[in-house]
């Protein structure tokens, strides 16, 4: 059995200190121009344990663009609205490799492989748009994040949203392609508009770790006692994060870190240790799979020192 | 939190009884002619807890062809021999969809995506063959299974091995394809011969659950205290089982069952609950992804009643 | 050597009569709603020989939507503007199968395989849009068709163009996908707008056969003597029509008909017999590859009776 | 009309002289070790006109490995045996890109796209093996080549055949893969053995041009009057050569040369000008698509000077 160091406070600080000074920092995403301006030296880490105690290190109170991490929360919302009918429009299997996004859409007639690849997340967003004006649908998502994090200051970085909209030709291609198979119900521009904006939500590590506590604790916030989803649904969202949460680096993340998590190209990673902690880490430099380079290393160190891997001590 | 019923004995019995009588049993694999002869009414289940106590139900002492489950053990052996150099020849990512086996081999120049798809398992077997006669390599694998299960009666069903060899054109294609990229070092016939034979190892649920206990308990048998692999390697093999252990039904298995596991087309599934139990289930009828239909349902019921899901209570 | 019947007039009439009454007529395209309204009983055929003599049968003076046949003429125009630089943006190889359109775009970084698949034709249209307002670019294309056919009455069916624009999600996907690789220079909406409109040009068989005479006669109209392209360029456009002109039925068309040609989902086919004739045929019902069912059969009969196959007498 | 220079004798000589001395010679194939030993400075060209007059230049009497060019003749034989039933086992469409060989086999359930890609040619060879011992089947092929070329000295280069057999893992993969779909009827080793050997037939340019005269002249040798196939079948084989004869460089060959032809990795190209000539060219260096670099250039010069392009003067 691996030695477990329970002094979370010092673990978090030591990891943050080490990460702040490492020379290997990955490459900041450039395909969304606004994201390219972020300082690659940033590093933040927040761990919130089962008692609600918050352990933070580094730039844990700097807001960053959560990008694809938002997909965990839009999935939670969409499941609340349509339940298991969601799975008619999106699958639950890992996507395999980067080519698959669109190759697979062609073979499987417009049904994306899982809700965490871009195509799948656009299909999930489309569920939230149905019956609403885009502005309303987006408001609902933002208020959900504010509610979960108990922080009304959370909002959208409109410069990032506009930047993504101007350059998001590939996502526009995916959405139109799904529309050609009737997998998208609403106007492509409406659904994409909401998608680009919820990806542009800005949050700090602290806010993000707070917002995701329900997934670490059987679907509810253990401090307030408020239930967000059923225990079974929380487990299932966690299973999806484990198998599909890191693009084509999902296997690698499970292998090295051993926690369910979701990354975003803004450099953030949200992860949970079931029953133990909700975790958010941020470092803008990415590895070749598009996941935060130091974020992943920090989480690997964290699970080693805490023994939190879901795959055994 | 879900209610956990700790009376394992009655849980196992009740599940086995229910499964024995269910009318929906899936379809017995026909592509290996010998496997088509197995009685679809069979159902066996064995759970061995951390104290070594054995709970069994149904046909848990009937031997079946473990098929792809053997890949967990050949992976363990190969990692023991070449360590992380193994990953030069095989990846660690889910394969996405059934087409990928060979499409992906073409795109990634003969390197299979993970050690649990057929191509990857053949590459792993090739490691075991290097420096040996095929007969020796095979003997080593069988003795490893006997050692792990503490049962010298475990052996190979030669009729199944011969049947697979006669009809294994697709595996022969995969092996030759990898050979064309120099991913296979030995004579294709040698490596395939060993592969077909270790897939034809016959074991009971009881033997299989016993053999796999090291993966549930940080790399060692908690009863004998003998260490098989390091705790880190055990966690990593478990992570691979979770993300890649059930062909293109791996996401579904994680979503519904929430345990690392490996299935075989003989209808067996091996799974572990970290720190808690080693589990083997067998029912010959398969679902459309090639995994045991009732085996998966039985494990889903087991994790629900025990609260063993690695994704939360 | 096959017997050649030089009485073109009776050959054309007999083929048209037989085709008008055949019960097997294929299926009218439904994916562009406006096209679904066309009467499947229509059949027209025009052959113009080297002396400019016109032989027509059936509904050769009814206008139909030329759709993809327009790609031959936009290619001619684009080569006139940018010459061989065009081939930096589009390839010259057959596309293989219907899946390839988008799979291949992914593998080859947004460069379409040839100018006659949709993606390639959109890239060609983009060349015509550069430096112009969409309306100007479209005007240039229409005037080119009027000039070639010596008929100022040729125009666009705006109902078809609007219908295609409303439902052209797949083409919108392709264009955005290429834009993400910088293969499209102009605003996607501009280039697609021109594309949808030039596909909606309406012409009769007589007009179409007249317009394409330059390809049958070394790049120039043998009656007026006006040169449209060089002899080498005419040969090369013909080669592209032969290898790529009929989607994934191009091999079949070469095998059965043996003439360079280009089909459209409106049911038209334009073909040439080098040095001998310019041909247009129209019947709205399509085969499974999207080519006119009776159009192809009529051309097969025509080449058999005339001995015009480019592959030998 | 382009100016045609009828002095074939001087054209052939001038082209051969120029090619002998050009510095750009492509790269000799290395994947079959025996082929790597061929002198890259070799160049041979033979043209036989409709009267049977032979025009040769360079090393036109040196034998080379015809490799894939043999597929034209095995296709002719197989069509003679099973007729159009052949098309149940192999398609008639271009294969698109190099990836397609095996990807496409997976999607289309083991039916190769055309008889000139390796998989398709193996399926054609399988037809010739059925009902025979491999040795007999091979004898039949060799005697057919001897008959067509009227030269009993034509034989197999056994060193090349053995070399290909030792290293032909990819072809072994393809054959086993098709066997798994029942597209191959005979023992894989038998069919592959015959395939490897007929690819290793050695011929000179003169012999090859002689052997293929029937394809230039409506299915029969115009000098002896002996009919090999019907005019329609000759045209159809020519159409297949045009659309599929040069791997994924088929479109390029049609575009630049404009003649039906078939290349081999030994550096030979066989081509015909319908009604006019049978042509063989050989230069061992290949371009990136695997076709003879100088061979293609020589043919491009030949069609320019003779006006023989099937796509117009």
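Read from first to last, the chains carry the letters A, B, C and D; within each, the first residue is number 1.
Following the convention adopted for this analysis, a contact is a pair of C-beta atoms (placed from the backbone, for glycine too) under 8 Å apart; a residue touches a chain by one contact, two chains touch by 3 or more.
Here the structure is a predicted model, which is why all the values come from computation and not from measurement.
**Q** Could you find the chain whose CA centre sits the greatest distance from that of subunit D?
**A** Centroid comparison gives A as the farthest chain from subunit D.
**Q** Please report how many Å separate the Cα centroid of subunit A from that of subunit D, as a whole number.
**A** Result: the chain centres lie 55 Å from each other.
**Q** Using CA atom averages as chain centres, what separation in Å is found between subunit B and subunit D?
**A** 48
**Q** Could you tell me which residues belong to subunit A and also touch two or more other chains?
**A** Only 99, 107 qualify.
**Q** Select the category (line, ring, star, complete, other) that matches the graph of chains linked by touching.
**A** Basically the chains close up into a ring.
**Q** Provide the full list of chain pairs in touch.
**A** Listed by label, chains in contact pair as A-B, A-C, B-D, C-D.
**Q** Which of the residues in subunit A end up touching subunit B in this complex?
**A** 1-2, 91-97, 99-100, 104, 107-108, 113-114, 215-218, 231-232, 234-236, 238-240, 242-244, 248-252, 254-256, 258, 260, 274-275, 309-313
**Q** Touching subunit C in the complex: which residues of subunit A?
**A** By the definition above, subunit A touches subunit C via 99, 102-103, 106-107, 169-170, 172-177, 179-180, 188.
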